[in-house]
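Each chain gets a letter, A, B, C and D, in the order it is written, and its residues are counted from 1.
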Amino acid sequence: MPDTQKADPTEAKPLGRGAMAARVAADIPEGWCVNLGIGIPTLVADHVPVEREVIFHSENGVLGMGPAPAKGHENPWLINAGKQHVTLRPGGSFTHHADSFAIIRGGHLDLCVLGAFEVAENGDVANWATSENDTAPAVGGAMDLAAGAKRLWVVMEHTTKDGRPRLVQRCSYPLTALGAASRVYTNLAVLDITPRGFVVRDMIPGLSLEALQARTEARLHLPA
Amino acid sequence: MPDTQKADPTEAKPLGRGAMAARVAADIPEGWCVNLGIGIPTLVADHVPVEREVIFHSENGVLGMGPAPAKGHENPWLINAGKQHVTLRPGGSFTHHADSFAIIRGGHLDLCVLGAFEVAENGDVANWATSENDTAPAVGGAMDLAAGAKRLWVVMEHTTKDGRPRLVQRCSYPLTALGAASRVYTNLAVLDITPRGFVVRDMIPGLSLEALQARTEARLHLPA
Amino acid sequence: MANGFVDRERGGWTSMIDKTVRSMAEAMAGIADGSTILLGGFGAVGQPNALLDGLIEQGATDLTVVANNAGTGHVGLARLMELGRVRRIICSYPRSVGSVVFEEMFRAGKLELELVPQGTLAERMRAAGAGIPAFFTPTAYGTKLAAGKETREINGRHCVLEHALPGDVALVEAWEADRWGNLTYRLSGRNFNPVMAMAAKLTIVQTQHIVELGALDPQCVVTPGIFVNRVLHVPYGDPPL
Amino acid sequence: MANGFVDRERGGWTSMIDKTVRSMAEAMAGIADGSTILLGGFGAVGQPNALLDGLIEQGATDLTVVANNAGTGHVGLARLMELGRVRRIICSYPRSVGSVVFEEMFRAGKLELELVPQGTLAERMRAAGAGIPAFFTPTAYGTKLAAGKETREINGRHCVLEHALPGDVALVEAWEADRWGNLTYRLSGRNFNPVMAMAAKLTIVQTQHIVELGALDPQCVVTPGIFVNRVLHVPYGDPPL
């Protein structure tokens, strides 16, 4: 529960990338099939204990990825969508790209975790192009994942480097998908996206709701 | 070439089912991928010499069928679309039904050979229902095959048992596909379907063109 | 999906993904009246006969059944129909040798039939599994099976618009399965099974063999476990010759 | 497709299906200017690098290239672009580490780009191979990548109409191949290769291994030979680490 008593934001210590990934990982139950986007989302896998069976999927047709290989033990034929070398767990399997995206588009993934530039209070996500004039942006599988997975969680910094809020009323950047995100993990808080808008589920210690609101364009709500 | 001199049809001996199948088989070159329908078409495979490599496909995901198994040597797990036990040649492979029909619908089969009730001079084929009031007819893969294969050849008796022509101006039975057939093999002749209509390529010995025309509703043409 | 169990070596509770179920009752649990059932198999090969018997036992009624054929004799699907449990059948080849129950009930108006070309049937289920709500196909254009359907000419080919055909439940027969639900099939026993496995909300598998996780070649898995919910070990034996 | 040869045991001429070709020139024969080239691979894995070099050598120009990425460094696809041989590229992820040639040429207006979501790209080629001229997908609805495209609400989901994307030529890397053109792939080297193999009029394969007909498990063949036209044995070795 957010603590609205402590009002001094300078005391709150924002989460680092690893801690953000760990926070996401803590919410992924055993048995889920999960696709992790490039960047912080990829780190999530490192924070899921191996004995908790979560089936990680990658767009390039790898289902059941395991921990990163030890240096010198990489298999040159086994990479993920971020082109990093990965391992395969017992029970893993390979598909071609059309079947891999059938898994994605067909709603078979329990969860996709993506990074983003902006998330709006209606669940719109913008994560692939930084402006309408971005001449040659790269979209990859983001639109398929955002539209196709059962749940879309976004993990990102709460604001841009120059302090501009990323949790907004309406996205200003080109959209990846409409109304797709259901939860946002930032370096300051965890927020659900509900018909009311952003609902704060969790905050870092020492941060007040007012301070969080000051860093957020959209209106924040408390759980009903 | 049709022989228009010998006019006595009573001397001409119509082909039997095996001979019709053999006549079709003679026109299938090595290397073609071919789907054979139920009935006389199925017999075609028996008339392609094993050393001529023709790749036979069956809708239920079997590619590269070989000769029928010897009695007592059937594999219970290996059947064709007609539910007969078959064998697999070296080089054969299995697909699921959606991939099998991707092969069919995607135009990858060089040839499909089907039986039919009627074929029209514009290539329309009727092979799945004997009347508009046929309440529960079975279509199987006929419509996919007729629409999808590179070539559709029809093999059938030239007339019904009571003498009604099957090569017609317009089909009276429910259609399987429009303008799909390019050749018809009957017990009396081989006919190409061209923009002019039926062109007689080949006739059984002793049959006159007039006699053939008398058994055909549509107008017959000679090769240009 | 995850069953808790005591890991004795670690001395505490842990759990793992285990989709195997111990009984037919567990396999059939929750199949509701009015469900659409996708029924694998082609001819006698790859048919989930044990699961069909389980469904007969389980009692769900008012079913829509999607299968290539409409049953033969008085067993399996034919029995289910005979018991009045099937409202509607969607298939490509209802009338075949021995389809007496279907023919009688259909003629008597006790069964609805949706006749679908075999390839369109397979592709409609693949579309459901792949998140493609509708697609255009040349198959059946200009025939009575396309009557009333939207058509369009695309690149000079006349096409019919067909919609995805999802199932509530798929009944599937596999050759091998592991506890994640990864499946292989036996020769032409593959047929509709992988397509149906991906098209249903609840995919129930009877498998001839259960293997250890990791025993299947990851490059030869035909149905990845992500499409499978329950696996019942039924060493059913070969189809009849 | 069928090469004649003297069968010494039989003492006469016979022939057989043999899709293997002896040289790169034979593999590349007939690729015309203006062709659409489907280029397999994802990252450095499963890329038909030898065939790409062969295409550079062969000389066809005014090409449309379909690939997930737009090339890196100054080799392969990047080299082909740098030589001015590519008019248009259709891909999902053009800008990546080292995509300097693409970025420069695109900014200079020397290259057309069609940006397609990765799954839509794969499905459009699968559709081409499967004879599905167009399909509806929720992917990209409401985004600028769907601008100008037909949309429709189906069962409460907003969808975009996407068209099949066929190729004139597919360049594919396989792990094993036989003389019928049956293929397997190595781990994540599978990626776009099987989809592109089925989507092109002329599918050309470089394979790490040639095996005897019948050596591949019929249940583990990923691309049946029916989708393949030419096979060149290129024991290329592992992708770079």
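Here are some notes:
Here, a residue touches a chain if its C-beta (ideal position, glycine included) is under 8 Å from a C-beta of that chain, and two chains touch if they have at least 3 such contacts.
Fair warning: this is a prediction, and the values are worked out from it, not measured in the lab.
In summary, the chains found to touch both chain B and chain D are C. Annotation: B-C is the more contact-rich of the chain pairs A-C and B-C, by number of C-beta pairs in contact.
Once the centre of each chain is set as its mean CA position, chain B and chain C turn out to be 31 Å apart. One inter-chain figure worth recording: chain A and chain B are separated by 56 Å, centre to centre, where each centre is the mean of the chain's CA atoms. Separating the centre of chain A from that of chain C, both taken as means of CA atoms, is a distance of 34 Å. Of all residues in chain D, those touching 2 or more other chains are 123, 126, 130-132, 137-138, 185, 187, 190, 218-219, 222, listed in ascending order. With touch defined as above, residues shared between interfaces to two or more other chains in chain B number as follows: 88, 94-95, 98, 101, 104-105, 148. Per the contact rule defined earlier, chains pair up in contact as A-C, A-D, B-C, B-D, C-D. Against chain C, the residues of chain A that register as touching in their complex are 29-31, 33, 51, 53, 55, 57, 63-64, 88-95, 98, 101-109, 148. Looking at the complex, you find that chain D touches chain C at residues 123, 127, 130-138, 152, 154-155, 157, 159, 163, 184-185, 187, 190, 217-220, 222. Put simply, chain B touches chain C in their complex at residues 58-62, 74-81, 83, 85, 88, 94-98, 100-101, 104-105, 129, 132, 135-144, 147-148, 174-178. In the complex of the two chains, the chain C residues touching chain A come out as 1-2, 14-17, 126, 128-132, 178-180, 182, 198, 212-214, 216, 218-219, 221, 224-227. The touching residues of chain C, counted against chain B in their complex, run 42-45, 92-96, 102-103, 106-107, 113, 115-120, 122-123, 125-126, 137-145, 158, 185-195, 222, 238-241.
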